[in-house]
Structure formats: C-alpha cells, structure tokens
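Both complexes shown next keep chain A, but they swap its partner, so chain B is in the first and chain C is in the second.
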Partner chain A sequence: MPVSTMVTKIARQVLTVIFVVALLTFIVGPLLWLAIRAFSTSWTYPRLLPDGWTLQWFGRVFDDPQLFSSIRLSIEFAITTLIVSSVICLPAAYAFSRFDFPGRRVFLIGLFATNAFPKTGLYVALAALFYAFNLMSTFGGVVVVHLLGTIVFMTWIPAAAFASVPRSFEEAARDAGGGRLRVFFTITLPLAMPGILVALIMSFLASFDEAQGTYLVGAPEFYTMPTEMYSLVLNYPRQVAAVFSILLSIPSVVLLMLVRKHVMGGQLAEGFQIR
Partner chain B sequence: MSTNSVGEEQQSGLVLRGVGKDLGGRTIVDDLDLVVAKGELVCLLGPSGCGKTTTLRMIAGFLNPDVGTISIDGEIVTRVPPEKRPTAMVFQNYALWPHMSVFENVAYPLKLRRTPKNEITARVHEMLELVNLMHHEKSRPARISGGEQQRVALARALVQRPAVLLLDEPLSNLDAKLRVRVREDIREIQQRLGITTVIVTHDQDEALSISDRVAVMNSGRIEQYSDPTELYRSPATRFVGGFVGAMNTLDGELRGGADSTVAVVGGVTVPVDTPATPGTAAGDRPVSLGVRPENVLLGPVEAGASAKIIRSIPRGHFTEMVIELATATGEPTELRAYLDDRSPIARLGPGDAVGVRLHSVLSYDQDGRLR
Partner chain C sequence: MARRHTGTGPGSRIKIGGLLMASPPIIVAAVFVGFPIIVAIAYSLGHVGGLNRTIATIARGQHTVGAWDRMSLGAYRDVFTDPRFTHDLGVTIIVTLIATLAVTALAWVIAVYLRTTPEGAWFRSGVAKLISGLAVVPMFIPVVIASWAMLTFYAADGFIRSLCADLGFQGPTWGYTMVCVAIGLVWTNLPFATLMITSGVQSVPDALIEAARDAGAGLLTIVRTVIAPLTIVPTVIALTFTAIGTLGAFTMPYFTGPNAPSMLGVDMVSYFRSYNRPQQSVVMAVVVFAVAAVFGAFYVWANFRSAKDSGRV
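Here is the complex of A and B:
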C-alpha cells in the first residue's frame, strides 16, 4: 500500500474519532451531568465527582403534592390529546391518502402552518380567542393547545401509512364480503399500524413536552411537568430540577425504545413524503 | 340480440348488456355485450387500455357502469356493492394480506360470513388441499413463492363458492415455465368445479389455450367473441388477426372462381390454394388480405409468384423466413413465412429466389372487417 493512502486512511480515522468524541461530549455529556446531579448531595467546583450520593431529591419530588400532581396532569393531558387527536386526525389522514378532493394539497400543506409561525405569536392570537370562548384556564383549552402540536404528526405520518396500503388489499377484502368499516378495521388499520404508532408516540411526546402554550392557557389552574420546570429552575435546589428532567425524559426514552424498530425503519421519514 | 337471447340469458352465468363506462373524460368501455354460459371459461383478451380490466372491475363491482346492466345467474347486480356480489376475484398482484397467515387469508371470507369455526377449518383445508398448499398454511404470504401466492389467492376466491370467478392477469407475475403449468392448473380446477370464470389477459397464448370462448377487445368494444379455433382460423377483423397470432397484411384483393383463385398484390398475381373466404372480392373497393405465416407456402421459383428471401430466422422447431414479393409497382411487399426445418427451402439464405403460394387467405374490407 502506498504511504499516501495510508496517511489519508489514518487521518480519516483520527477525524472520525474526534468527531465521535465531540458528539458524545456535547450530547451525552450534559445528560450524564444531569443524571449524576440528581443523585448527589452537592457537587462543588472543582471536584470531578459529587461530594456525596443520595436519593433525597427523588423523595422530595414525590412528596411534594404539587410536583406529583403535575406528573399526573401531564399524563392525563397527553392521553386525552392522543385520543382526541386520533379521532380527528386519523379519518382526515385516511381521506388524504385515499380520496382526491378539491383543495387536498392546500389542506395538506396548510397543516404545516401551525408549525411555520413562531409559537408565541400563535398563542397570543389563540389567547384572544380563548378569552372569547371562556377556554382560558380550562382543561379543554390546554387540550386544544396540545392538539395543535400533534396535528402535523397525526395527519402526515398516518396518511403516508394508509397510502402505503395497496388499494387492492382493501378491494380484495370487500370482494371477500367485507363492508367498508369492517375492511378498514381488519385490513387497512392493522397494516397502517406501524406508521400510526410512530405518529402516536411523536404526538405523546409533543404533548408531554409542551410548555409555552400550556403555561399561557393553563396557568394558574393547570401546571404540567414542563411548566413546573420554570418554577423549579428558579425556586428549588438544582438537584430537584435534575430529578424532574429525568422523570420528564422517561416516557420519551421508554416509548422510543418500544418502537425503535419502526422509527428506525424509516416510517417517520416516509411520513413526510406524501404528495 | 338474437331471438333466443331470453333463453340464453336464463341459463347464463354472467350477462352484460350495453355496458359502458367513461373514466377521466375518456370512453373506456363502449356499449359492451357479453354472455358467459354457466360453467364456461371466457378470456377477455386485448392490448393495454382496451377496457378489459375496467370490464372485469365492473363485473366485480369495484366500478359502476355508466349505462347498461350486469346480471349473474339471472339476477341483476349492476348496483350491488362488491361485498354483496356472488363474485370472487384473483387480483393481478394477488393482494394477499401480509399480516395474516395463508390459513387466515383463506379463512377471512368465511369469518365475515360468520361461518362456524369447525366448518371454516374444514373448508379452508379443503381449498388448501385443492391448490396443494397444506404445508404452508401457517406461513406468511411474504415467505412463499409467487406461484404459491397465486394459488393462495385462488383458494381465497374459491372458498367463497362464488357464482363467477374473476381473474385479473393471473399469470403475468409468474415466469414463463411456471405460467404454462399454472394456467393448466387453473383450467383443471375450473372444470372440476364447473365454475363460471372470466379471465383478463393480454397474452393470446394463454387465452387460446384455456378458454372455451375468447372475447377480443379493442378500444372498449368486443371485436370478436368465439371459440379459440374459430378465432384463430377466421379472425373477424384485421385487428383480431393481428392481435391473435401473427398475420401478414397485404394490400390487394382476391380474384377468380372457387378453384382457381389468385391474390392480386401490387399488380402481381399470387396463386391461392384455398381461400378461407369463398367468392371473389366484389366491386372496386380496395381491400386488404390477411395470411397467417404458416399459410405462406414457399417452393421452387416456378411454383408460384417470385420472391426473394431477405432474412431467415431460426425459431427452434421451425424457421421463420422474411421474403419480399417482387411487385409490378416496385413497391416492396414483405411477407413472413413459417417453414418446417426439413423443407429444402429452409436451407436457402438471404438473396435466394423462391416461389410463393398462399393458403387460407382472408380478405378484409376497408373497415377491416372480414368479408
């Protein structure tokens, strides 16, 4: 092997290592710091490790009725949002994938509009509307805010999933004697399920992590985990915030692990390829 | 229709009357009549876009005809949705549901009909045995071969005990060797069960070899509807002649009496042994002649009109010769002829002279219809 190619080869390997280390430092590093902090009594500069280990911060979170209720509230909001979003968006997704109606493309692109504007601007306009409809500081109002963040996921990804089910599968089932609804629930839905699952998880996480709108609409009646974070960062010991961050990330990690196969399978990428 | 059409309709499995369908502003199927007797196997044969698949989909109920009626076993089903029709279809891509096993695929139609569980098992097994797939009952469709998938699709259709079985290009996804065997299997099962069957195909070989009758379609109409032998021997239109088997088309006409007929092509007379259409061409209207390659007989120069060999193509069990007829007008007229390999002519090559005689010549009028 000529020396020059060996040099480039080694150089490439060195660069790769540097890149990976940098990536780990900036992505895994802060998470690791957070995790350690949650278990430490105190951690003072310039020590490399905490001064001592403890579980007291977890106890503090679970003993604090307000913090604990925010966890429950977050889950309640997320599940309600998922159900409402499924009922509204899945039929729409099916329509987008199967029927060519006037304005189909405009609607499809229009669904992105909620994500195209700066969120805060959107919420201010939304607040004006909510005052008019008495939705401020109500459970329903917060659900509506959460819905906004899930619509794109719940229409685009399932629409692509439905579209990837060949029409002939449905036709064969109708030919076999199945009515439209029966065919949808026994053939189309199970086959589109991987895509729908991905959409559900993305939506769950979107709802679970939603802070701005929830704070604006829900406060002071409803504090979810992300909105609690604001006061936690300001008013509690840092370790409590770390514990809370970890709790907040548990659902994301668990859900992503569960559907890793489907997400890795490119379902998400495919979701945004529908035309 | 003929006077006996009422009687015909009563014992017919499937009847289409004046069926028409426009899609996207284009007429796909145009005033189509088709009668399939009970237990008969009919192929709809035609090039892509001739309306054959649209016709099949209207029979299955996936499309509603704009005009006309469809009836099955004497009952009008024109507006009946597919799930309520006594038809079962085998799709071109088989459309087996990937999330179900072979058994579940075949059992699905029975489950929908709320058939008792032990009866489902018995009937599915009976069907899987019929198509020889018992050993795959627990497999997923993706794990079995294309030919096996096709048989599952057939079993799924037959388990419904349909009045009419529909197959959309059933063999197009199989390789050539398998195709011949599967089509014979389909024919055998069809005959054993005596089930009225309509097959859509663009493969004339397939249509000729398994059908009781073939309906050749072109631009949304049936050009000819007859049994395979008749279809091949006397194609009703020039289109049918060209689509079913190979056909030489010549500008010219037949002249002379019953025993000494000649074909006049480009000012040259070619001796004709037996014209398929008796009598001479009437009037001065220009006509065209159709001759199958196997009916172009080549011999020594003195035995017929003179021609020159252009190409000789070995085709295995026979030789295909492309010859050029020496016409008076100087306009070259090419003909294709099939020759037995044992014929001495088969050993001649490009440039050699031969004499041409014709056999079973068909003459068509200017609209391309058989005279």
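Here is the complex of A and C:
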C-alpha cells in the first residue's frame, strides 16, 4: 500500500473517531451527567464527579406521597389511553388495509393531519373548547389529550402491518375451510403482530411521557410524572429531580428495548408512508 | 357487519362496512382536532357565543363581535403589535429552521455511513453499529427528562463548563439560552429523522450504487445522483415532522430557554394559563398552524409525487 493511501486512511479513521466521540458526548453525555447526580451527596463546580456518593435521594422520592401518587396516575392514564385507543383504532387499521371504501385515502391522510398541527397550538385550541364541555381538569379530558397523541401510531403502523400480510395466505386458509374470524385470528393477526406491538408500545409511551397537554388540561387536579417534573425541578433538591428522571425513564427504556429490533428494522418508517 | 368477501367483491355492503369500521378514529380526530380548531379560529376573530361562552366569561382583554357575520381582528392586532410576539415568532422560525436542517444533515451523514459500510470492514462496521444505536437513544427518553438533562449539562456548573475549566479556559454557558433550546430540539428529533432517512437510504438497490462506483463516481457523486433522488420522500417526511415538532415544542424551550425571547409554544401556554388571555393565545396558535401548513403541504405533495411515480395512485 502506498504511503499516501495509508495516510488518508489513518486521517479518515481519526476523523471518524472524533465524530463518534462528539456524537457520544452529545447524545449520552447529558443523560449520564443527570443520572450520576441522583447518587451524589453534593457536587462542587468544576469537578467532573460528585463530592460523595449516597442512595438517600431514592428513599426521599418513595417516601413522598405526592410523587408516588403521580407515578400511579401516569400508569393509570397510559393503560386507559391504550385500551381506548386500541378499541377505536385497530379495527379501523384493518379496514384501511383490507377494504376499499369511498374516501379511504382522504381519511387516511386526514388522520395524519392530526399530527400536522403543532402540539401546543392544538392543545390551546382544545383547552378553550374543554371549558364548554366541562372536560377541563378531568380524567376524561386528559385521556382525550393522550388519545390524540396515539391515533396516528395506532392506525398507520398497524394498517401497514395488516397490508403486508399476503392475501394469498388468508385465501389459502379460507380455501382449507377456515372461517373468516378464525383466519383473522390464526393467520392475519399473528403475522401483523410485530407492527401492532410497535404501535402499542409507541402509544403507551406517548401517553406515559406526555407533558405539555396534560399540564394545560389536567393541572391543577392531575399531576402525572412528567408534569410533576415541571414543579419538581423548582421545589426539590436537584438530586431528587435526577432520581425521578431515572424512574420515569425506566418504562420507556424497557419497553422500547423489547421492540427495538422492529423499530430499527423499519416498521416505524414503513408505517409513515402513504399507501 | 359485511366482512365476507374482503377486497374481492365490489358489493356496496362491504364498502359501507369498511367505512363503518374505519370511522371511529376519524370521528375522534374530527371532534377533538378539526372542530376545536374551527371553534378556536372563530374565537380568535371575536366570536364569544356558543361553545366559546365559558372561556370568554373568564378571559381578560378580549375583542368581541355582536353578530355571526362580523369579525374583529382586534386580537390579531394586539398580538402583532406586541414587539415581544414578533420577536418570538422570528426566533421560533429561526430555531425551527436551524434545528430541522441540523437534524436532517446529521441523519443523512449517519444513513450514508451505514449504507456505504462494506461487509467485513471491522472498524467501519463497528462504528456503524455504534452510531446507529446512539442515534435512536433519545427516543427512549421522555422529553421532560431530556430537557432537564440538557439544562444541567450545558448550565453554568454543567459538564461543558466544568471540562473547559479543568482544561484551563472559560467555557460557554448555554443553559437558559436559545443555543441550548436548539441543541435540545436537535437531540429529541434525531431518532425519528434517522430512522426515516436510514430506512430510505437502505432501500436504494446495491446494483445502482455499484454501477455508479464502477463508473468511477466518488462518494459525493453517488449520494447526489443515485441515493438522494431515491430518498426524497423519507427526507421530506423527516423534515416536515421535525419542523412541526419544533414549532409546537413547549417542554424543551420552557426548561432550557431564557425568559425572553422564548418560543411560541411557551408564549401560548403562559398567555393561556398565567396571563388569562386565551384569545391572544389562540391567535398565536392560529399563526403557528399557518406556518405549519406550509410544511405540511410540502409533505403531502412529496408523498403524492412518489405514489404517482410508483403507480400507486
């Protein structure tokens, strides 16, 4: 290998390493910096590590009834949203992928348009109307806000998943004497399951992590974990906010790990193209 | 329900059945997105009767009209003559453009790196695995947490300043500035854009890239003439979603931004909740919708064009 090619190759590798280190610092740095604080007694600028280590802040969070109830409330909202959203959206997703009815495309794009409104603007418009419906600061009102964040996930991604199940499989099963429902539950549903699972988990997290709409519509009655963070960072020691951040991230990390392969493998990207 | 001859029979019962099954989410979207926006636009133009009555009785500083066929631009005048709003609108648009371009550029670099990594090159494939994993990390983290993490990292006593101080020079304090807001928005929007663009770039056939390479084309030429034209739609989807997400962002600018200027997401919430001036808040929402509509039209156009190209319409 000539010397000049060697030099370019090494220079290219050095540049790559710099890029990777920069990306690593940019993405993971802030999370690590925050997570370490949860275990610190105190932290003196400009040290790169805390002055001492402790677990006391975790006890502080678990002993605080208000913080603990926000954890429970978040889970209640997420599960309610998921059930309501499944009932409303999954049959529709199937219909969009398998039936040809008038206005199908227009409706599909129309649903997508719910995501085309900048969130805060939409919630402000919604909140103004919620006063008239008596939905301000109610459980139902917050569920509606969370539901809106899941509609596109729950129709588009499962619709793409149903559409990718070859019709010939279903027809073969029906020729073999399978009833319509039986074919659906033994052939179509299992094959579409990865996509549906991605949609379910994205929706669960969309509800679990939703903060701005919940704050606008739910406060002061309902403080979920994410909205609790708004006041937490002002009224508690910084270590408590760090502990709370770790707790709030656990469900997201665990659930997304479960479907990581499908999300990275293109289920999500597939689901966002008009068909 | 007519579910018997799926897809094959053109019977009208199937069509009605399909429409019925598909209608619940459409109704939800119409009632809780379409309808509120129409009512809100009416409110912003001074209509305080009907469904707007409740909010109108508790609001301050409203402009109202007496008849349904009239309208008042008073609230718009209030908002647009407020120098703070016009400044914030400008800042919001600039931050949106910067964040959107940065996210798309970064996603493209990652996608092209992954696509052009040859099999068996241990250094490159290791790097490829690492950066594709890194780019989706923000999807795992709730935005509230990300915002708080960004603030502490770039704050006056954060990591960047500490590191600089240890190396013997004065580092920048980005916490509570628009720089931190922009960095944070790039951070939160990176996974979606990367997934979209990576998936698009991956689907470019090997044969095309190899043919170009055999013809002596360099990396940049291949990207420009082969990969880019085939990846327009995913790129536009990534651009639109990032732009719309950034325009409507509240949490990131609320946590990490300065008191003034702030992004419109923060202004809307404070006008609504703190200043008790919902009409002006709704006016801002309408302005943000108008800006977003420009991006949204772009998206629908790109998607239709590709559907046409591949004969799906």
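One rule holds in what follows: the second predicted complex is superposed on the first by the 273 of 275 C-alpha atoms of A that agree within 3 Å, B and C clash if a C-alpha of one lies under 4 Å from a C-alpha of the other, contacts with A are read in each partner's own complex, and residues count from 1 in each chain.
FYI, a residue touches a chain if its C-beta (ideal position, glycine included) is under 8 Å from a C-beta of that chain, and two chains touch if they have at least 3 such contacts.
Remember, it's a predicted structure, so these values are computed and weren't measured experimentally.
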{"item": "Partner chain(s) touched by A:Leu191 [first = chain B, second = chain C, both, neither]", "value": "first"}
{"item": "Between chain B and chain C, more extensive residue contact with chain A", "value": "C"}
{"item": "Contacts of A:Leu200 with chain B and chain C, given as first, second, both or neither", "value": "neither"}
{"item": "Chain B versus chain C as contact partner of A:Ala173, first or second or both or neither", "value": "first"}
{"item": "Partner chain(s) touched by A:Val61 [first = chain B, second = chain C, both, neither]", "value": "neither"}
{"item": "Contacts of A:Gly121 with chain B and chain C, given as first, second, both or neither", "value": "second"}
{"item": "First (chain B), second (chain C), both or neither touched by A:Arg182", "value": "first"}
{"item": "Intersection of the chain A residues that touch chain B with those that touch chain C", "value": "none"}
{"item": "Touching residues (chain side chain A, partner chain B) in the complex", "value": "166, 168-169, 171-179, 182, 186-187, 190-191"}
{"item": "Chain A-facing residues of chain B, complex", "value": "60-62, 81-84, 87-89, 91-93, 95-99, 108-109, 112-113, 156, 160"}
{"item": "Chain C residues within the chain A interface of the complex", "value": "3-4, 6-7, 14-19, 21-26, 28-29, 32-33, 35-37, 39-40, 43, 50-55, 58, 123-124, 127, 130-132, 134-146, 148-150, 152-154, 156-159, 161-163, 165-166, 183, 187, 190, 192, 195-196, 198-200, 202, 233-234, 237, 240-241, 244-245, 247-251, 254-255, 264-265, 268-269, 272-273, 278, 281-282, 284-286, 288-289, 292-293, 295-296, 299-300, 303-304, 306-307, 312"}
{"item": "Contact set on chain A toward chain C in their complex", "value": "13, 16, 20, 23-24, 26-31, 33-34, 37, 43, 45-48, 87-89, 91-92, 94-96, 98-104, 107, 109-111, 113-122, 124-129, 131-132, 144, 147-148, 151, 154-155, 167, 170, 180, 205, 208-209, 211-212, 215-216, 219, 226, 229-230, 233, 238, 241, 245, 248-249, 252-253, 256-257, 260, 263-264, 266, 268-270, 272-275"}
